[in-house]
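Each of the next two complexes has chain A plus one other chain: chain B in the first, chain C in the second.
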Partner chain A sequence: MMRLSLLIVYLSISIVASGCGFKDIDKRYFAVGMGIDLTDNEEKPYRITLKLGVPSIEIDAGKSKTQVEIIETSNIAEGLRLLKAQVDKEIDFGHCNVFILGENLARSNIAEAVNWMTRRRDIQKVAAIGIGRPDAESVVKVQPVIERFPGNALGLFFSNDATESSYTFIELLTDLFRRLNEKGLDPILPVVMVQKDSTYIVNRVALLDKEKISIVLEPDETQLLIQLLAYLKKANLYGGFYSPPFAIAIQTIRTKYNFQQNGPALHLNMHIKQAITFDEMPTDAYFNDPKKTINQLETAYSEAVKQLLVKIQEANVDPLGFGLRYRAKYHLHDFEQEWPDIYQSIKFDVSTTMSVHGTGLLK
Partner chain B sequence: MLERLKVILAPAEDLMQSEIIHPVTRQKLELAYYLPICDEQKIHDYITVPFSKNQYPIMNLFLSNANFKRVTDPAKWNDLLLRGQALVEYQNQIFSFDALKYEYLNLPDSNFEPSIRGPQHSLSEDPIISLNIIRNSYMSPELVIDKMQIGNISQTNLYILYDQRKVNHHTLDNVKNKLSSIHIDLIHSSGELERLLNGKKYQLFPTLLVTERFDRIGRALSFGKIVLILKGSQFALILPVTFYDFMHSVEDHYESYWMTKMIVVIRYIALILTTTLPGLYIAILSYNPEIFRLQLAFTLVASRSIVPYPSFIEVIIMLVMIEMLLEASIRTPKLIGSTSTTVGGLILGTAIQQAGLVSSIMIIVTSLVAISNLVLPIHTMSLAIRFLKYPIIVAAIFFGLAGVFLGILYYITCLCSTRSFGEYYFRLRGNASSQHGDIGGTKPT
Partner chain C sequence: MNRYVFYHYFIVCFTNLMLLVPYHLISDRFDGAVMAILISPIVGGILFYMLTNAINKFPGKGLPEIISMYYPTWFVRIFLVYKAMLTGFASALVVSSYTVIVTRFLNPDANPYIILMVLMLVCAYGATRSTASVNFLLEIVLIINIPGVAFVIYKTFTNPLLNWDAIHIVADHVAQAPSLVSFASASFVFTGFLNLLIFNRLLPANFKFKFRWLITLSAFFILLITFFLPIGIHGTETVSQYLYLWSATADSTRMNFGFIERMLFVFIIVLMNNAVAFTIVGWHISIEYMRGALPNNVIDPDEPEPHVYSYYVVVGIVLITLILKFLIDEMKVLQLGGYFLILRLFSEAVTTIWLFLLSRKKVRKYAKNDAA
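Then we have the complex of A and B:
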């Protein structure tokens, strides 16, 4: 009994103290966006742009208030420590779900920045990563007029909660880390651009040769690539395909491919199966000869895909993970030495099967 | 007849068997009936008094009175006795006499565990009346009623009820041993008995169920449980119990299937909420604010920014207040009771938030904790659960979210190691027998 009462006394005294991670929510600043740029200064190569959300009870369009802090530093972690001396509250990355890397950084080396992100405890591994064009600072600094609360607008771009564009590729930190480290799989990052100083546009992807940008795809190529990746099984709608005078909406898509050694040449046979509906078509064109129409569309789609694959091949990047599949099937003594040559020699054969789920019309 | 009855029937304390021998004529009459369900006065008036006066040949009475019926088939004895008939043997002839008594009028209303469509009455403080209702509703020859005395001075009658075919005899011996080892001078309520039987002093969860409802007792008997009824107490004890029995209300069997199933799920949600919510509030606000959406985080920040103290002081203020409110409303007379809740809950709650002592989210948390606690159907369990949130709060103050989950883990471990009279307390399937190699299995004796 004596011991119990002593224990109670100890506990009630120690309750006044608390754990060392204890920091009340109102003593924290929530970072809602972060940009990392490369500067010309050799001693302080990084410029960190941090957007801090200013909390307010009013949540309404245009009521979002933020504070932007910029610091130039020799490395990222050190920069944040310096930044802490500039703000009165603890900086918390727990709600920072978008990280923007400047284009000049992405053109030199993103490995260090990604490494820092994966190491830091309070950065969520489901945070989205993008490339800011022309630089990260200008993207992070933008304050969209219709934003409801700090950092919301850019965050919604990179989640499936709100807009689901077939042009927007979402790359999360976990996947980026994997793509950076896996042999035979290269990173893809969406490119975020600022439009009229107040809104964003995210309809391009940059393909990286592990650590730096090798090629930036155009919007229609981006859409096609996202369809091919198709592991983003977020919804049934995988965007469309435009081949005048038809515009089709792809409802479901399944991509299969395998390697085939035909003599000296290595062939990659890709087969794409789609269920489609028509967005636009000339009246009666389909109804007069459905088979021919579908054949034309299939050929057009295959051709577009093949062009894209060749373009990616020429850029010598491998976002679709052909190398990884090859590693799984064939043994190579030194993958990193041998694979580039094999990749360059691959011939692509693409075939498409479209099945019409609906014409969009009642006849 | 009596010899044969002993063979057929369970050895019940309430089965009256008597052999009356007339002092003058030396004639013998054998009489058997269940005491609680028979009207003794009637038996007196019709059988024993006429027999002893011997003014009129008793055989003629048996044969002429329509209340007496001749029984030829011994297989029916059982049934007749359980239906409130008295059996009489006289000159090798057996008669049944209808003396059924059903005492439902003398019962108090059920206040403690009210039900909408179930029986509206609770146990009586007179154990004979209670046993009458139980015998009437659980008409099985297997129902055994044992009697013993507890209390050196009070010598209070205690009735032990069980279905002799379904009960676990190991548990029964265990309970009887425990009861006979109790040394106490006076005993007034079954709550006292509950404490004495509970065994461990620092037990977190109740290991026997206190009830005032007949339907619950009947159901418990049919599941092979033991029911204790103490003279002078409106509450019976049911044991052994599992944790899930406490989450179950008798109403679950009376109302629409899907809704009652959903209510059971809601009870478990309420259980989790009421234990963890205050701890989670501290952990999320002060350690891991990234759990929620950013939107909610900003609202939390805004509502908390007026509060000068750290989150746990806020939580402690509010919880102490709500405990005092609950305690006050139990003790106050019913007329004032509603006033105190209104004053405390509404006025104090609003004022304390406007004064900036606690945030508005904390008001929501507090009321949710209080409400979800009241969702639990059994009062003893809801009291035990009410305590559980405090250790979790302490853990949350020091270790954040990890502390909350550590606390839950500790409670689950506690539940798993608890035994209710040798039987598993936290076992999902009730009837599984323990196997060799079971973790934490009960010792076979």
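Then we have the complex of A and C:
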């Protein structure tokens, strides 16, 4: 009797519990891309662009359908609430894995937008974040011709499942939020541009001085930076390096660095170890004089890395986490006060060791 | 039978690591948390040895029987009611913070009281079963869950976002003296052996505890992992901004080829199993203490039908938990949790040392003959 009554009480409660919050999948819109822009209007500084996937039976290239909603608002959360009045179904962020911040926003302050994303429970912490150039709206709006699922194309750029480009830096929400607050580690964001209104280019990164863009790197510098940051990527593709007449492909790369106090000057010794293969070179160049070829390449690579490091240092940003390493090694009383001067005084010593895996099919 | 000791130890370890403990430890990460983590296994280990040695002298007896061998009934009653409230409150904290996580992540529109009610009914049903059933239930839950816990930890460990510099920076603050609350929360992880105060009833007469050092050592490693991994993933500053740290950490790992993209959901299911099992065990102990305080109680660790007292007590616990939930908001749960951990640390340490003294030969001859 006791058991039976318990069972009845339990069942009746579970009936009540299942009813209230759940909405069927056909009564939901899945957001597949979101853009946040800054407007000139001071009262409504944010423009939110939301790309909603339209469920469709046909799955084929070019058959993906999306609906784009745009709203201007005083804050992001309020804007989404207003947007709900423009659509007939519940908006769900559970499958949204790309968020684009407009370049205007990234040049003023991204902290509020990133905070909002992190606070929301249904946004994945593994969602990719990028900067939209010239603005987020135009990036989100694009409907690639070859897209199979709604919003899939941009998502594939930021995952290693499909295209793996050595120029595309993937920044996840967790990492961005960490870099926003961490002392001695500054945010990096990939820059997404639209090409011919139908596809994207993601081959630059913007380095942020915590909340706003400080410098945007060129594609070749971007690739070099990604190679140095290789620990962040599980990719098996590191791109290459071009030093006429040689073009090499990097198979594996390991970067180590440490600080060394030489008298008054603080040196950062960076050692890069690579395994390479040749993509382009004059026939027999390596076989005739391997040592000279390798030396030449190593020097060229070290020089390029050094130039990049100095450029980043001059922009006063720290995407590689030198400050964090410094904190781990030396104790600073007031990191925020002392570190900028220390960082500016660092001298970089870069050395590279390359080992050749092969020269391709030719000598 | 030694594996049951292991289960009781680790259910407390896992559940608390995922819910309450990281909050206090991470808040104090620059102010002594590392030192607290280093000291707590030593203190926890000593108490573990003391308690197991003590209850070895009282084969087949739980705390209520041992205490009533020495002290008058009125004292035993007050003491057992206090112990019951202490144990019940720990489970109430776990079940209510778990309810918050479920409503937050799985269904934010649902009424949290209904979710809490459903969870508590499951726990109440489990907790009223006999001691032997609860013991077996715990074994099953843990065997199902340990692969899940290992998976979450492994995936987080291999996450490329893990930054060793941040871990290094926090570990460097080892010389700081720990605060009381961080020490209390770190040592909570090592107090799973206290379940034996009831579950000793099931252990055979000449039972030998084995691998006690190994249990403490592995709990220590789990504590290290759960403290340092989130710091490596979220960095030294951001880590203190998350309310539910391990939920955020589990959500930070990409599972490209899993059935589900977000590891968060795997984590929440594992956490749910652990929290429910923890609450069942906690409430069961609480029920047994209360029953020891009530007159005409029959002690039978393998009773076929639950005694009617069990139902009275569990209804009381459920009601108190519900009222607490109404009165206390999310922030207060965390604060109160801190005070509770400190209170618990002291009273459990005192209980253990007390029992240890009672188990000495010189003291044992003062035991009442009728109760022995």
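The criterion applied here is as follows: the second predicted complex is superposed on the first by the 344 of 363 C-alpha atoms of A that agree within 3 Å, B and C clash if a C-alpha of one lies under 4 Å from a C-alpha of the other, contacts with A are read in each partner's own complex, and residues count from 1 in each chain.
Rule of thumb we're sticking to: a residue touches a chain if its C-beta (ideal position, glycine included) is under 8 Å from a C-beta of that chain, and two chains touch if they have at least 3 such contacts.
All values reported here derive from a predicted model rather than from experimental measurement.
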Looking at the overlay, does A:182 come into contact with chain B only (first), chain C only (second), both, or neither? second
Touching A:212, do we find chain B (first), chain C (second), both, or neither? neither
Go through the superposed model and pick first if A:271 touches only chain B, second if only chain C, both, or neither. neither
Does the superposition put A:11 against chain B (first), chain C (second), both, or neither? first
Tell me which partner A:357 touches in the superposition: chain B (first), chain C (second), both or neither. neither
Count the residues of chain A touched by chain B and by chain C, then name the partner with the higher count. C
Touch test for A:124: chain B only (first), chain C only (second), both, or neither? both
In the overlaid three-chain picture, which partner chain does A:160 touch, first (chain B) or second (chain C), both, or neither? second
Just chain B (first), just chain C (second), both, or neither: which does A:107 touch? neither
Does chain B (first) or chain C (second) touch A:325, or do both, or does neither? second
Taking the contacts chain A makes with chain B in one complex and with chain C in the other, which residues are shared? 21-22, 97, 124
Under the touch definition given earlier, write down the residues of chain A that touch chain B in their complex. 11, 15, 18-19, 21-26, 28, 30, 32, 53, 55-57, 59, 92, 94-95, 97, 122, 124, 149-152, 155
Using the touch rule from the top, collect the residues of chain B that touch chain A in their complex. 284-290, 294-295, 297-305, 307, 310-312, 394, 397-400
Within their complex, chain A touches chain C through residues 2, 6, 9-10, 13-14, 16-17, 20-22, 97, 121, 124-126, 159-161, 172, 174-175, 177-183, 185, 231-234, 321, 324-325, 327-328, 331
Sort out for me which residues of chain C touch chain A in the complex. 104-105, 107-111, 114-115, 117-118, 121, 125, 160-161, 163, 165-166, 168-169, 172, 233-238, 241, 248, 251-254, 256, 261-262, 311
